[in-house]
Each structure stands twice: as structure tokens, then as C-alpha cells.
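Next up is a structure, given as C-alpha cells.
As written, the chains take the letters A, B, C and D, and residue 1 is the first residue of each chain.
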């Protein structure tokens, strides 16, 4: 425990039941700064529940979630975001009626203005700094040419990139990705992996929930395996690959 | 005690009307996901079915009245009376109950026409747009009715035999002065039967089962390969019939005019919300409950304590319910609870 | 790019002001250049522009905004009765009081969204209306409507000469009826439009549009949406209050009917008809509906016969027969039908129609998004959050 | 329709105003209302025609009354312009009308919808004054609306000839110099009904009032209360009901359970149809009250149209009315004939009062020789006339209220036709219903 200061997200003893169903039991997770941490597990293992507990959508029955020194449990999603947690959804959650530029401007404004700022007489167009900020993120993701395009008209892969841009513009302490390649073509998936690898180079801490082992093994530094609401194994991708317990419970002996 | 009992009775018939309208609204909302601002108009059309039947039955032979010299005045004797004598008179006397036979098929047709002609194009649109288009439709239908029937209320009467009041006071061993109009009792009873009929239909027929399944989970039912379109039409027609019957039978209580539906619609929406959007038993219970509450609030004793309470009680209840228990009295958890 | 848009906005503002001030000229050929109607255009324009800030930007459909209109009117008339016939205090008090009520009602209603929000606002509006009609009659004068009397104190004004009639509303000596009244409303309208334009172009406005687009996302993006919605609600409530005070300015009488939910429905119609979420659309919608209401409802058979007198008699009679149900006392029918047509075929309202025509005209050089009239780039669909 | 010269002038002013829009507030007095108008508002000048504004409810609860009023107005215009059989122009005395319009100018008219709402009615009247150049506004079937429009016309200095309005306030506390009312009022109803109520029901009755909650209802309640209490009756409870109420069962049951024995319905139109219906369905009329006396219902103001809306319920009920088509005098006969010839059925009392008002205005213009209200108003003030259906009538100068005989009527138990719904019980002479002009306060104000 000598490197406590390096732990970004600290989940301790989180329990959650729905009705009689134990969705999460005694979850403990430490995620180190700069690392990409993957959480894998079969359907219904509780991955999404865990993520929702982390972002404040669900309140755990017991246990705490800490971001650095801040307690996240009991906070609203917007408060948690303001503390530095950004999230990418399983199906892209963007602002379909707005342009890409506006999609990215909004989180940039959230970062700058906080959870509420009443500035109805300030000109947005006159604010060059924030436009530049947004544009540079769009450029990073190769979307600069489409900045004035309506988000609704983009392909699913591009929407995912927009959502990533929306998260990145906030330079969060922690980025949570819920199956970022779900439902994507092989091409789009590879593209996404590439982008995520780029981000990795920036040293951003990430938690990825993923099904696709290809994605997990190309990105993750560390893997936790969730089954029936409990963590059954933890380790580097290689360790997990070789862990018979994991193969039994989750992979069902399938090839890796 | 007597005052309380009589106010419960007073609330009963209005509650019955609320319940019937709210039932249809909920049915349409729960299965079709339609927020129908034209539902009040269906109630009004039902009432005008009764009016039309009465007008048809009393088509009269006109005899010039020679005693009036200033203009052509006529004495009117209904043909039915001329042809069938007392039997004809009796038929005319019973025109409101008889109109039910005519109201049901008419309302089915109107329901089908409305659903096929307009509503179905709005299943995928937002609630706001549904509200707006049905609001427009309501205005149009009202104006058409006004064009044909005029703006004034049309007096309608219950059959002679039930035109008086039931001595409920005497029945319960209370004061003789406590009476309650027969027709209002009949109306409450009738609404219970209609409500029972709707529930039985939903409970025991395959159609009903599909409808209930649809209310529980619309998307899945669509996937089952059931002809959901036709079911939707039938549900809408059913909602129309319920509203129409409620309207037709209401005519002897308050003379129908073209605007009567709109007045009840806003209240009925509130009733639906109080009962729980998408909950049929909730709509019925809330209808009766609010009817009775409103009746209590209009007692002079209550008004002296809280002036104006009779005017706002229903809305006040709705606001409180929405804030403390957004899914309504009987709404399922999670149904539009946001 | 930025400069260009700013220039465009400046041009839009100037054009808007010019069009509004020139109303007496260009409305004359269509018989709408009389002061009362032009005042109505301006007043309902303000109401609709304000309503659009809530409904158009955030997608929250309120059925209760007429209540704020009524509050504005009542406050202004009371100001005329108690303080002075000068319109400025009435204007300020009416707008502020409407804002206070909007804050209270909005605080409660905004705890819900979607149709629940609509019904909550409806409930509040109906409560205000019913109370104004019954127990609040000492304040509202009920059905008879609140009016000026000779006995009013008007403590800030000089005592009237005995035998003088009722004083009229004034702005530092200029009577506010007739044309000057219209110009006063027009100035207020232009300021109101300018404020709306600023809001549309501000980060605040963008956030409101984002709430409409995806409220869920807004939460995970770090915004507490409720204060934004409440701010929009209060702003639009104050616009409604302002419109209400102007109604009292041009005609110092306040009736409870203007609080009824059908009056709230009217502003919804205006906004939708013109183009939801567009800057200029609601103003157009308001103008059209008021024009129809005043001009169509005044048509009678004689007027129709006059119009079609160029036709052979049988055709003339036929035309009158066909059109008669839709005008005069039947103008509601026209309104309802027009409204259905718009919602069904042109959900973006007249503004969408215009941009479709514009696109069709210059289809060779079409651009992906070409709404230069300053829309919030939002199709008026996904409505409530 | 309106004068060319005025139009051009106004356009020039408008142009100027438009261009100098920014300066509007700096140049106060020049541009105030009617800066271009000549002697008086909407002076027809040398125009060949004049415009009258018929402002009636075409939508809403009173729209049937409104439609009948409009029929009467059209008939009046026809007669004024020399068309038709002339109607009351054949009987009216004294009469200066020549059947060539008014002062030789053809009469034209514009119509508007009051929606029975004060603001809408005022907007409509404003349009008539500002756009159509109407010289006189008339109409209305609700006192709230009449008072509101009368106020507006007074400010605009345009004549207002009230239609159906029965509140004491119209020519009482809200009277205006430019407003005139031919219709009777609530006080007269009370005075006319009192003796017959005493005769029929005795003088120790206990009355329960249900009152429409607005100007007219309040004054009628007060008038009936005062008149009956003078007989020795007592008033159990005056209960106000909102105008929007449709189901009166709660009110009726509370009345039945009170210790009253006469139900007074201060309701008009649909309100009255609904409340009476509730009373009848609770068997009130066949009941013995707690006082041991037979329950009775009184509807102080009712019309044939209302009786039609109530059907059988109204039979035998006492009330008062301004005029009924079945009156035997020659003037009534002439009017009914000319109305029924044109429309196929007899006119309502609302139609009668509106027709008469139009003729009276036209006649006053003829007598004054001008359309200027400064001349027309004095011509109407204190004017005495006869043979217009109500016997000798006087427009009292002090409050612009017509004084004439009042009819006490009863719902006809055996109607011979669908129009024969009111039976005239008694024609109460003018002297019995007269009162001091100062009684209801108010001030006419200057011309």
C-alpha cells in the first residue's frame, strides 16, 4: 500500500441487490493512475451494474467508491463528472440534433463553467478559446472536416468517435468505457482500438468493460474478471488468459 | 352523516364519468402509447349519438297551427306516436337507453376511422406532437358538431319511470328528505357494468391478453408476430366505445353541447395521472375517488374552512401525487416514472 | 466564420426591427394595419418568442404559460389603479411578479419531465384560472374582469379634474392607445427578440438545446440540468408576464380567460405553426393566428358575397356556401384544420416550409445544414426528455 | 366602406410615423390617437355610407343568443335602408327615419365575435372602431362583456347601444356617457316579481340563492334579496357558483338539506339549464321543504331560448323577461311578422332589444341631424317613445336606462308550439319598477 497516491479509483466492499438477486457482492477494485483496466465477464455478471455504481446512476447497498480522496457514492452523475469521471456508453449517447462542434463544445463548457452557469448574454461564437479546444480534440480524432455536420447523420463508428471526443475534451481523471466496440464492424473496431491506444499514450486512466477479447488484450494493462456479481480473478492479460478458473467460469474453454 | 353519504352519492356519478373517460384514455395510452387530447371529443360524440337517436325517433308530422297568424307555426306529432300510439310514445321516452344500441356501432366506426385515418401515423412521433395533432382534431370535430347541432345545450330526459329520485334516505333508515335521482344511480351502476365488461374482455379473451401483454411490454408483443396493427385498431375502438357510452348515458344528467368533452378531458387527464399512467384499475379508482373528493370539497362547510377548494381540489391532488408518488396510485414502478 | 455569423445576426436584428416598425405600411394592403391588431402581433410575438425559449430550446411542453400572462395583466392593471397610469412601473412589476410565480411553479413542475411536466403545468394553470374566477374575485374581479374606475387612488398621479373621464395609460405623457401604443409594443418586442437572439447564441442557449437533444447525456457531461430548465422556465414565464402587461397597457382590462389552458394551447399553436425552436418562427406563427382570428372571424356572408361577386351568381353562391363554415363564427374550424395539417405534414412549421422551398430553389448548391434564420439546429422531434 | 380622404390622411400619418419610429416617444402629442380624425371619432364626412358594428357572441355559451341578435341587426339594417316591410318603422312613435339609411347615408355593418369574453369583445370592438370605422357599437349577451365594451367605447368616444345585459351595474355604477341600455335590469326584475311571489308563495318564505359568480349574478341576487326581504322573506344562503360549472348536484343537495323552501336561480343561459335540471332531477319541485312548505323554484330572468334549453323542466316556473313575441300589441305583431317572414321563426327577446336599439340610434341621429355623439347623446337622453313592443318607454337622462313595463312570465305548462314556451302572467307597470337614478352610484362622465 505504499503507492496509495497512485490509485485513481478505489472501490471497496460494494454490494448491490435487485430484489432477491445479488448483482454485486463485495467488489474491491483499485485502479492505478495511467493504467487501462478491463473488466470482463459473461452476460449478467454485473459489469454494467458496477459501472453504473461508479458513475452515480445506481446507489450501492453498501461499500464505497472513491476517486482519489473524493467519495463518489451518493453523488449525482453530474457531480461525479465534475470531479473528473467521463463515460462512454454502450450505444453512443451524443446530441444528435447538434453539430459535431457543438457536441464537443458542450462538455468543454461543462469543464469550464461547472455544473451550472447562467450566461445567456455571452456570445458563444465570440469565445475563440473554447472553440480551439474543441477543434483540437476533433482533430485528434480525425473529425475536424466534419465539425459542422449534424451528429445524427454519422455512422455508428463515427458517433463513437464523437462520444470519445466529448469525453476527451474534458481531460478526465478517469474514463469509463462501456463496451466501446459493441455492434461495430471489424474495421470500425480496429479503428477504435487504434484511437484508444493513442489515448493510452497520453497516460489517461481508463476502465473498459468489454466482451471482445481481441480488444481487451490489445488495450488492457490489467484485467478483472467478474462472474455472478463477484470478482473471481485479477491480473495481467497473460495471467488471465492462463487462469483455468476464468476459462471454466467465463470462457467455457473457448480458444483465446 | 347524511350530508357525508349524500356527497359520496353525488361524487359517484361524476366519478363514474371520470372513470369511464380515464379508462379509455389509459387504454389508448397503455397499449398504443398515444396521448389522445381528442378523447373528450369521443365522449361528446357519444352524447350526440343519443341526441341524434332522439331526433330521429321524434321526427314529426307537422300540422299547421292556425291559431298563430304572425308566422307559420306547426304542431309537431312524432310519426312514431301516429303509427304505434302508446308504444311509440314509450319508445321515444326510452330514447336514451335505446341509443346505446346505436352508439356502440357508431363509436366503433368513429374509433376505427380515427385510428386508421390519423392516430396510427403518430405512434412513432413524440407525445408533444400527439397532443398537438389530437388537440387540432378535437377543435375540428367540435366545430363540425356545433355547425350541425348549434352551440346551446340540448335538453335530454331520462325515461319517465326513472325521472324522479330514489328515496335512499328511507332505504338506509335515515331522513326521508335524502333522495338521489334514479338516473344518476343508474349511471353509476351502468359505468360499473361497462368497466366490468372491459376488464372481462381484457382478462378472458385472446385479444384482451394481447392488449395486456402490450401494455406490459409493447416491443416484445410486436416481435411475437401478432398482427399488432389490428389489435391497436380494436383497442382504440374499444376506448372510443367506452367514452361514447359514457357520453350517451350522461345526456340526461347534463344537457350535451359541443364543448362538453373538452371540459372533462383536462380533468380526465389529471385522473389518469393520479391513477397511474397505464394502469386501468388505477384510472377507475382515481376517477371515483376524485369525483367523490370534488363533491366533498363543494360542501359549504368545507368551503368555509378553505375557500375555493372545490375549484382546485382535483388539480391539487394531482400535483401532490405527481410529486410524492409519480407513478400514481396504482401505476407500475418504472412506467414513465421519470 | 465567427465574424460572418455576428454580421448575419446584426443584419437579422436590423431587418427584424425594420419589418416590425414598418408594419403599418406593409400590413395595409391585407387590411391588418389598424393599431389594435398590430399591438396584438407584437404582444403575442413576445409571448411566443418567450415560450419558444422553453419549448423550442428545451423541449419541455408547458400548458400553463397563460397563467403568467394573466398574472402580468392583473399586476399591470393594479399598478394603473393604485400607482400611476404611467406604464413603466406596471411593466416592471408585472414581469417580475410573473417571474416569481414562474420560479415557484417551475420549481415544482420541473421535478418531472415529459407528459408529466405538461400535466403539472396544466394543473397549475387551471388552478390559477379557477381561483381567479372564484375566491380571488376581490383581486381579479372575476368574470367581470379587472378594470379601471374613477375612484382608483393612483397615488403617484395628480388628482384628475372633476368630471374628467377615465384616464388612459401613458408613457410620460404619450397615450398608449392607438399607434403610439403599437410602437411602444414594437420597441419592447424588438428588445425581447434581441434578448432571445442573444440567448440562442449563448453557451446557455446551446446547453438548453442540448438538454432537448439528450438530457441523459447532459447529466453525464457534468451539467445539473434542473437549474438550466428552471432558468429557461422563468425567462419564458417573464416573457409571458411581459406580454400580459402589454395587453394591459394597450387595453387596461384583465380577465381570467386569458389564464385558461386553451390560452396556453394557443401559444403552443403559434410556436408550432411558425416553427418550433427557430428564432423568427414563433413570431410568424403568432402573427398568422392573430390575423386569422381578427380578420377571418369578422367575415360574414355579406363580405363573402362581395369577395366572390365577380363570379356568376350560381358559382358565387356555391363559393360562399363552401367557405362560409370556415370563416366568421367557424374560424375555429379553420384554425383546427390548419393546425392538424401543419403537425402532420410540416412538423417544423412554416420555417421548415420556407427552408424547404429555399432548398428546392437552389438545390444545385445545397449545403448540409442551411438554416440561416438562426435555428437551434434542432428538428422539433424528440420533444420531451 | 370608410371615407377615402380619412384613409389617405391616415396613411400619410402612418408613413411618417413609420419613418420616424425612433422619434415617436420624443414627439408626444402630435401622434396621439385620432390625430387625423376630424370633429369626432370615425366622422363619415362626405362618405355615402356609414358603418355600424355588431359585436355579438358567435362562439361559446351564448352563441345562440348572439346568432339571434345578429339576425335582428341585419333586419334592422334592411329596414333602415328601406328594404323589407319596414317592421317597427311602421309603428314607432315618434319617428324621424325615412327609409333611406341614416341621414341619407346607406347603412352598412361589420360583425365581430365577442366569444362572451371581455378582452375578446373589446378587441373585436377595437377592430370595428379602428379598422372599419364603426360609428356605433352594439351587442353583447353578458353584462361583463357589455360593461367592458361600454367602457372601451366611452374612451374611444363611440356610441354604444347595449344588447342583452341585465346587471344593475351597466347603467349603475359602471354607467358611461356613451352607453345606452334598452333592456331592463335586475332591480326591475326584483320589483316586478315581488308582488306576484307574495301572492303565490306567501310572505314568510325562506329563499336559497344560487348565483352565477359575476357582475350580473351579484346584482340580481342583491335585487331579489332586497325585494323579497321587504315582503318578509328571509334569505338562508346566497351561494355563488362559478360560471364554468355544469353539474350542480352538490349545490342542489345542499339546498334541499337546508331549511329553505324557495330556490332562486340567478343563472342565465346554460348555467340555468344545468342548475334547473339538477334541481328537477333531485325532485325538488315535488318535495315538501323542511319548513313544511312546498319547494318552489324562481328564475328571476329567463328567456324563451333558455326555456327551450330546459325543455319540460321550466314548466310552471316564474320569472321576468324584457319582451315576448306573444304580446298582443300591434308593434310586437309587426316586428314578429317581419322577423318570422325573413327567418321562419319568431324573434327572441335578445333579438328584439337589439333591433330596437339600432332603430333608436338611427332615429336619434336623424333627430340630431348629425352622427356626432355630442349631438346624438342629447337626442337620446330623456327621449320618450312608444309602439316598439314595450309600450311607452323613456330613456332616462340621468343613467341612460330605459324605463318601461316589465313582463312577469311563467314557463308555459301546455305549449301549443315549440315557440310558445312563456306565458305572460302579468305586465308590471313602469311605475312599480322605477327607482332613483342615484341609487346605484356611478357617473356618466363628460361627452
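Basically, contacts are C-beta pairs under 8 Å (C-beta built on N, C-alpha and C of every residue); 3 or more make two chains touch, one makes a residue touch a chain.
Everything numeric in this text was worked out from a predicted model, so none of it was measured.
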| item | value |
| --- | --- |
| Chain occupying the most central position, where position means C-alpha average | C |
| Higher-contact pair (C-beta pairs counted), C-D versus B-D | C-D |
| Chain centre separation in whole Å, for chain D relative to chain A (CA means) | 75 |
| Geometric centre distance via CA averages, chain D-chain C, whole Å | 34 |
| Inter-centroid spacing, chain D versus chain B (mean Cα positions, whole Å) | 36 |
| Chain A and chain C: spacing of chain centres that average the CA atoms, whole Å | 44 |
| Shared-contact residues (touching 2 or more other chains) in chain C | 130, 133-134, 332, 382 |
| Multi-partner residues of chain D (at least 2 other chains) | 59, 63, 242, 244 |
| Where chain B touches two or more other chains, by residue | 311 |
| Chain pairs that touch, as defined at the top of this document | A-C, B-C, B-D, C-D |
| Of chain B, residues touching chain C in the complex | 35, 118, 121, 125-129, 131-133, 135-140, 142-144, 147, 262, 266, 269-270, 273, 277, 307-308, 311-312, 315-316, 318-319, 322-323, 326, 336, 338 |
| For the chain D and chain C complex, residues of the former touching the latter | 11, 13-15, 17-18, 21, 24-25, 28-29, 31-34, 58-59, 63, 67, 109-113, 117-120, 122-124, 126-127, 130-131, 143-144, 147-148, 151-152, 154-155, 169, 177, 212-215, 240, 242-244, 443, 445-446 |
| For the chain A and chain C complex, residues of the former touching the latter | 55, 76-79, 81-82, 86-87, 89, 93-99, 102, 105-107, 109-111, 113-128, 148-150, 153, 166, 170 |
| Of all residues in chain B, those that touch chain D in their complex | 2-3, 6-7, 10, 13-14, 65, 67-68, 70-76, 150-155, 157-158, 163-165, 177-181, 183-184, 252-255, 257, 260, 263, 295, 298-300, 310-311 |
| Partner chain D, residues of chain C touching it in the complex | 21-25, 28, 31, 33-37, 40, 130, 133-134, 137, 142-145, 147, 150, 163-166, 168, 171-175, 177-180, 183-184, 186, 247, 251, 253-255, 257-258, 294, 297-298, 300, 302, 328-329, 331-332 |
